[in-house]
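Chain lettering (A, B and C) follows the sequence in which the chains are written, and residue indices restart at 1 in each chain.
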Amino acid sequence: MMTEPTDDFVRAVEATLFAAEQPMTVEQISNHLGQADVRPALAELERHYRARGVLLVERGKRWHFETAPDLAHLLRREKEDLRRLSRAATEVLAIVAYHEPVSRAEIEAIRGVQTAKGTLDVLMEAGWVRVAGRREVPGRPVIYATTPDFLAHFGLGSLKELPGLEELRAAGLLDPVDDDMIQTGLRPGKVPGEDEETAEDTAEDLDERDLFEEDDG
Amino acid sequence: MNAPAELPFGLPGADAGWDGEDRAEARKEALYLEIDGWEGPLDLLLDLARRQKVDLRRISILELVAAYLDYIEQAEALRLELAADYLVMAAWLAYLKSALLLPKDEQADPSPEELALRLQLRLQRLGAMREAAARLMGRNRLGRDVFLRGAPEGLRVERKSAWQCSWYDLVRAYGDVKVRSQPVVHMVRERMVMTLDSAIARVSSMLGVSLDWMDLRDFLPPASDTWANPQLRRSALASSFVAALELARTGRAEIAQEQTFGPLRLKACK
Amino acid sequence: MMTEPTDDFVRAVEATLFAAEQPMTVEQISNHLGQADVRPALAELERHYRARGVLLVERGKRWHFETAPDLAHLLRREKEDLRRLSRAATEVLAIVAYHEPVSRAEIEAIRGVQTAKGTLDVLMEAGWVRVAGRREVPGRPVIYATTPDFLAHFGLGSLKELPGLEELRAAGLLDPVDDDMIQTGLRPGKVPGEDEETAEDTAEDLDERDLFEEDDG
């Protein structure tokens, strides 16, 4: 493919817009290039770039180059980081699974601590929890439930396959883990608030902290 | 921008500026006034050599030496601490000059011709680099003559989290929540005590056996095994005292105490 | 003028390089575009842009778009923020470029004068010179070389494009600096060494002082 020689003035407009740090109005380009009429050059450039990976576009009377919208996905590369759910998020997920549908206030009542909004967001981002409507009580709180992805991820046919309280007790999962933890949960004079989550995190064992770190790769 | 690129290397007058600046004129004026403007003796020599208006390969070393020594002589205002290098060079050049003028057979090794050649080569090398620098600076430079895209969108690497959680983590977490939220019942720990009933039974049976006054403490069980526990003994003492009062009230025992905090004695009623 | 439809992959390479904030190697472009071979696309783009106001250029194995040099007079910015280099710095830069890798003692032997440390620092700060290891000779001196940014800044595809390189080499003017030259040079009895730094700084060209304000004297 042989390109026709391009008019030097068109080339100058092209270079000016390429190097510009801001979109430019016709007047600005013209001022830059000795007051010449730049409209025909802009029209020609616009036509030329229409077929290319970069477009010359006018937005609000200002011209600039931008990458073609159909290629936008190429300019973003996704990288997946494996991240372990925090203890708080795991607890909230478990409560949703055992009690669904539940409102945030109910989750908080069961957990005994306030739940940061971010925790539910993480679970929804993970695709395990969804908004399942509103409860028809005063205030109409949003209620949450698990998703089919949740069942798939944990290898469950249905929520009924989650072990019941008796089974948990038999497995030793309802034994006090250690006194400190119980005391943390019952610490008197604790003021509930959004920063609760942080306070709790601090009291959590170090292992979890390690797990929090992103394992890249 | 001047274009030194057309000038062949080593030609006189090719002393273009650096970074677009040509100071040759200023330096000619300064030549006989100061020495600060030179980048060392070799720089001065190069400039003097260029004044011969011939290719650096064809300069007359004798003429160059003369010009240099002349310059040093005239630069009366020399600041000695700055001029040491220049004076060392002057001494060396004076030596070179005299050696070049000596008859051949008296010449040392390396020969003065060899030394002169080396000097010439060094001047050529420095001259070449100076011109190369000027040509480099005169090129179309990024950010001055040519430009990158002013507002690149940037290439982004988006990080997406793939959350991990195992079945065990989930169930364990629920267990933890349940444990933590269990209602807490406060229970007073059971302590070993001698009950009042058993104290009354013990004291009254022992009173029936003895006819004399007995110290209250003698009614306690012997301090062995579990009764060795001091807390339990205090409990037994307290209970036995209450038992004694009860027996006295019901007329089955007499109590006597000779002084305050003295031993409490007990005897069965007749 | 009707432009032929451009291959989508070529458009993708075009868009990627347009959007990139840094020049990119073939590998980087390829990583961004699913490991495909981008060389044919680069060649086609380079050819296409040759006639335009913007060029696709390769500098030290990295590719970027830049405005055409013949338009420099139109685009040159009024307040030039390029740092003005002292004569000493430009000379040192040329010596590093034409002789690389080169030690400081070698630079000094060519210039016949000690080089203030600040001169090399200025070039390294500009991103044009880097430390390229040590020479395996007694004393293991640090050696310096140019960077890809140097090539990009001065519009050189590689060091082979340095002006006059072949003539200089043919004339023997780029021969390695020998020990004799470093040790004795034109200053008999004087051995270059670190302790001379201070004296040398004092003797440095005043202009260099003014331009860079390196008054650590």
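Just so it is clear, contacts are C-beta pairs under 8 Å (C-beta built on N, C-alpha and C of every residue); 3 or more make two chains touch, one makes a residue touch a chain.
Predicted model only: the values in this text are computed from it and were never measured.
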Average the CA atoms of each chain to get its centre, and name the chain whose centre is farthest from that of subunit A. C
Innermost chain, where centres are averages of C-alpha coordinates: B
Subunit A and subunit C have mean C-alpha positions lying a whole-number Å distance apart equal to 42
Express in whole angstrom the distance between the two chain centres, defined as the mean CA positions of subunit B and subunit C. 31
When the C-alpha atoms of subunit A and subunit B are each averaged to a single point, how far apart are the two points in Å? 34
Junction residues of subunit C - those touching two or more other chains: 16, 18-19, 32, 65, 67-68, 75
Per-residue multi-chain contacts in subunit B, two or more chains: 147-149, 153-155
Sites on subunit B touched by subunit A in the complex: 147-151, 153-167, 169-181, 184
Once bound in the complex, which stretches of subunit B touch subunit C? 5, 8-9, 18-19, 21, 23, 36-43, 81-82, 84-85, 88-89, 92, 119, 121-122, 124-126, 128-137, 139-149, 152-155
Per the touch rule above, subunit C residues touching subunit B in the complex are 16, 18-21, 32, 64-69, 72, 75-77, 80-82, 84-88, 90-91, 93-95, 97-98, 110-114, 152-156, 162-164, 167-168, 171-173, 181, 185-190, 199, 202-203, 205-206
In the complex, the residues of subunit A that touch subunit C are 1, 3-6, 8, 10-16, 18-19, 32-33, 44, 47-48, 50-54, 65, 67-68, 71, 74-75, 77
